[in-house]
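For reference, chains read A, B, C and D in written order, and residue numbers begin at 1 within each chain.
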């Protein structure tokens, strides 16, 4: 992954994931709050579940692709772990990245089982995701031995967002459906994505001129830059949230709920929906 | 900010903020507890909201002023980030302080939206404030590289109060309206304010005689001094709390509630007020 | 314990314990969820308590055996703490391991009292277990002074699982009967067990060829290997959970509940069961 | 405080405090659980409050005595902070200890106000106590610069118990009346007390023979010894708890509740008692 592309690729994934989560949770929250306007027409329980199943399947797919790419792309270890001819481990970096994908694959699998069958408690979903983020941070943490100061520093910043996300998702196990935590998670996911791009720009500048990796001023700038990324991701989340809330409201107001009988039925459905969250 | 004034100014802001919060939360708690005496005459839901809007607006205003001052005051970077002539970053300190203000600006903006519109969950307010304090501490943390022992130490003490405050506000996300946490937050805000003044006195003594920045005894004294500041801020909060509680009670006892019909109506109003908290 | 066997033995204990917990909690959760099918035939309150008493007794037994083995096995200190002839402590390692067993003995004793008598609050059970894991980690933490890099590293990995388990059990004090935490605890227990085996293989390879204890690549491999153990233990827990859920369901469906009167009585019993959890 | 007595004295205070708390909380828990037997005869709401007021007053008294002793005992600073003749701080140690007492004084004062008046939320009581323990640990933390390895180590062990206690009391703010946390706090208080005695024995052995302060084996023994102290304090708490529970039960069974009318009245009283906790 020692290249610009190697950082831009996961960055893009996390950016898309963050945007997706922001949209999903904002939409659900807006429909939950506007129950009285008959918002269940927009998001019924069945459609929510279908969405979750789709999300989990995509997660499964991408992590399998990621694992295969790390193993079989040019220069990959092709599933061999130890090079007996040279008496050393083969392509440990690729193996580590494949391990990270493995845990996201696990999170996707658990999420799929949770939303397809009824037998598994809902919170396991979040627990598996929290573990995936934790392991990502854990492997990065022991990744940094003997690198340059700035290289270590940009990755440390990354760790803040990764471990922060792990913590937030772990808290969601105990506070399911808490919109504050869900939006925070989305913002941290966006932050992680954009920071991956930034790391790419700092360590492998596409333009050419290299950064001095041992300059203390560069380190201070990078710290500040990380805060700007956070501010930007918070503003993005806010904008999406406001847009979706407005759209949902205007839509609901334009088309009044049809019949009281039908509505009542749907309200009950939503109620159970909420407690299931 | 390498001057006495540069520390006294934010110190004064935080002192005023801490006093304000102490008063506000004590007053609301006193009116909530004395509902049976008709305390809603003193603090109706609408007036509470007006107060919050005012507070948020002031926060927005001050942080904008702060950002402008850091950028355009004498010696500021005037929005230029990189000095291409000298090939180095321009006035990173000012940029860092402006970044801190930026997050308080964000917290103010979120708080304003929360209290003006109904569409945003209340807890986002606290989350944004917690982030603002966290980022303040985060930037200070990477501020201290290569300074003298005592200089580092006084700023570390500051970090305790800043991160403590971030933690307390984050806990408030899950325990909204908890008076214990609110008073603790107020006390920590006062502590932070008075400690800024203390840092000014230690690093840039207005009298003249410099402190020896490498003496271990000075460090021990400073540690202890930090505890005294905390004790003083707790006593201040206690005094204000007691004064306000007494005033509210005596006022309510002097002027008995007018009519039962009116009172009932107001009680209902307060009830919803509380659960909204 | 400086041998392969010395690591394989506790490893096996934790493996068995983890499997047992996975089975127990999965079974109870399955019966709780399928109350409507009359699952109380499978797990009545009395049988649950009998199981707990048995578990505690086994824990007591094994920890006493462990303590005796550490003291009186060949090379043990035979309860003498200080060797006055050589003016030094006698077999500190054995004493430390005996101390670890002591706290598991305490946890077993508390658990026994909790489940035999009614006078003790249920959560004390978990608290004692959390302390036992904490002390295990605590003693390991101060165990590692002056060892080789890889030796320290594999034990640090162990500490992650041990302290993680202590934390999870401590959280269970406040969230009793939370299946998510219980399964996480089981997975971490399995992880600890299998990691003990791995430590044995790394430090005392039975085959012969020694690992280079100062090679950074080995350290990176070991970190990754720890993640694989975690993934394996999660998969094991998932497999057992699914198997047990399926078995319970199929059994309940084959033999329909007998009589409504009896069932009602049992349902009430289970209800109180749940809140007691 | 660099003497055997200087460690034995606070140790004794904490031992007495721990025993007192164990007894108090065990007794209240036993009476709460045996409500149906009319246990309110033993602990009415008024008597509970009287006990709390007494406890707070004693805490106030002892901390004032402690502060005076630190200031005016032979070799104390007599309230002078800076020795201008020698240009250095005067008796910083004594000032630090006086500061610790100051926070326990604060905790006592807050507790007194909480239990005498009705105007203050109950949880402030615990918050002030948590702060007192935190500050004790905080000052000890910056106390240890430049001492011998074993000296630092025994004080680090002390910090575990002090910060552990601060954390437990802080958790009690959110889980008031949780018997598990209260017993844990009592055990940690006993641990702290007995460990103070142990520190005295290690650093200023009354017998004569000095400990080698740089021997790694001594450090390992001390770590283990700390665990034994913890085990002993847990056993002490358990023994007291069981004894009190048995005594309360046997007493209640011997003298059956007098009249239903009276009982009902008292039960109601206790109910509100509980929720006030």
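The definition used in the following text is that contacts are C-beta pairs under 8 Å (C-beta built on N, C-alpha and C of every residue); 3 or more make two chains touch, one makes a residue touch a chain.
All values reported here derive from a predicted model rather than from experimental measurement.
Common neighbours of subunit A and subunit B (chains touching each): not present. Set against the C-alpha centre of subunit D, every other chain centre is closer than that of A. Interface residue usage between subunit B and subunit D, two copies of one sequence, is largely distinct: under half of the residue numbers at the contact are used by both copies.
One rotation lays the C-alpha atoms of subunit C on subunit D, and its angle is 90 degrees to the nearest 5. The mean-CA centres of subunit B and subunit D are about 32 angstrom from one another, to the nearest whole unit.
Inter-chain centre distance (subunit A to subunit D, centres taken as mean C-alpha positions): 45 Å. Annotation for subunit D: no residues touch two or more other chains. Because contacts link each chain to exactly two others and close back on themselves, their graph is best described as a ring. The chain pairs satisfying the stated touch condition come to A-B, A-C, B-D, C-D.
Considering their complex, residues 29-30, 33, 175, 178-180, 183-184, 216-221, 223-224, 227-228, 230-231, 234-235, 238, 241-242, 245, 249 of subunit B touch subunit D. If you check the complex, the residues on subunit D that touch subunit B are 88-89, 92, 95-96, 99, 102-103, 106, 110, 119-121, 123-124, 127-128, 131, 135, 138-139, 142-143, 145-146, 173-174.
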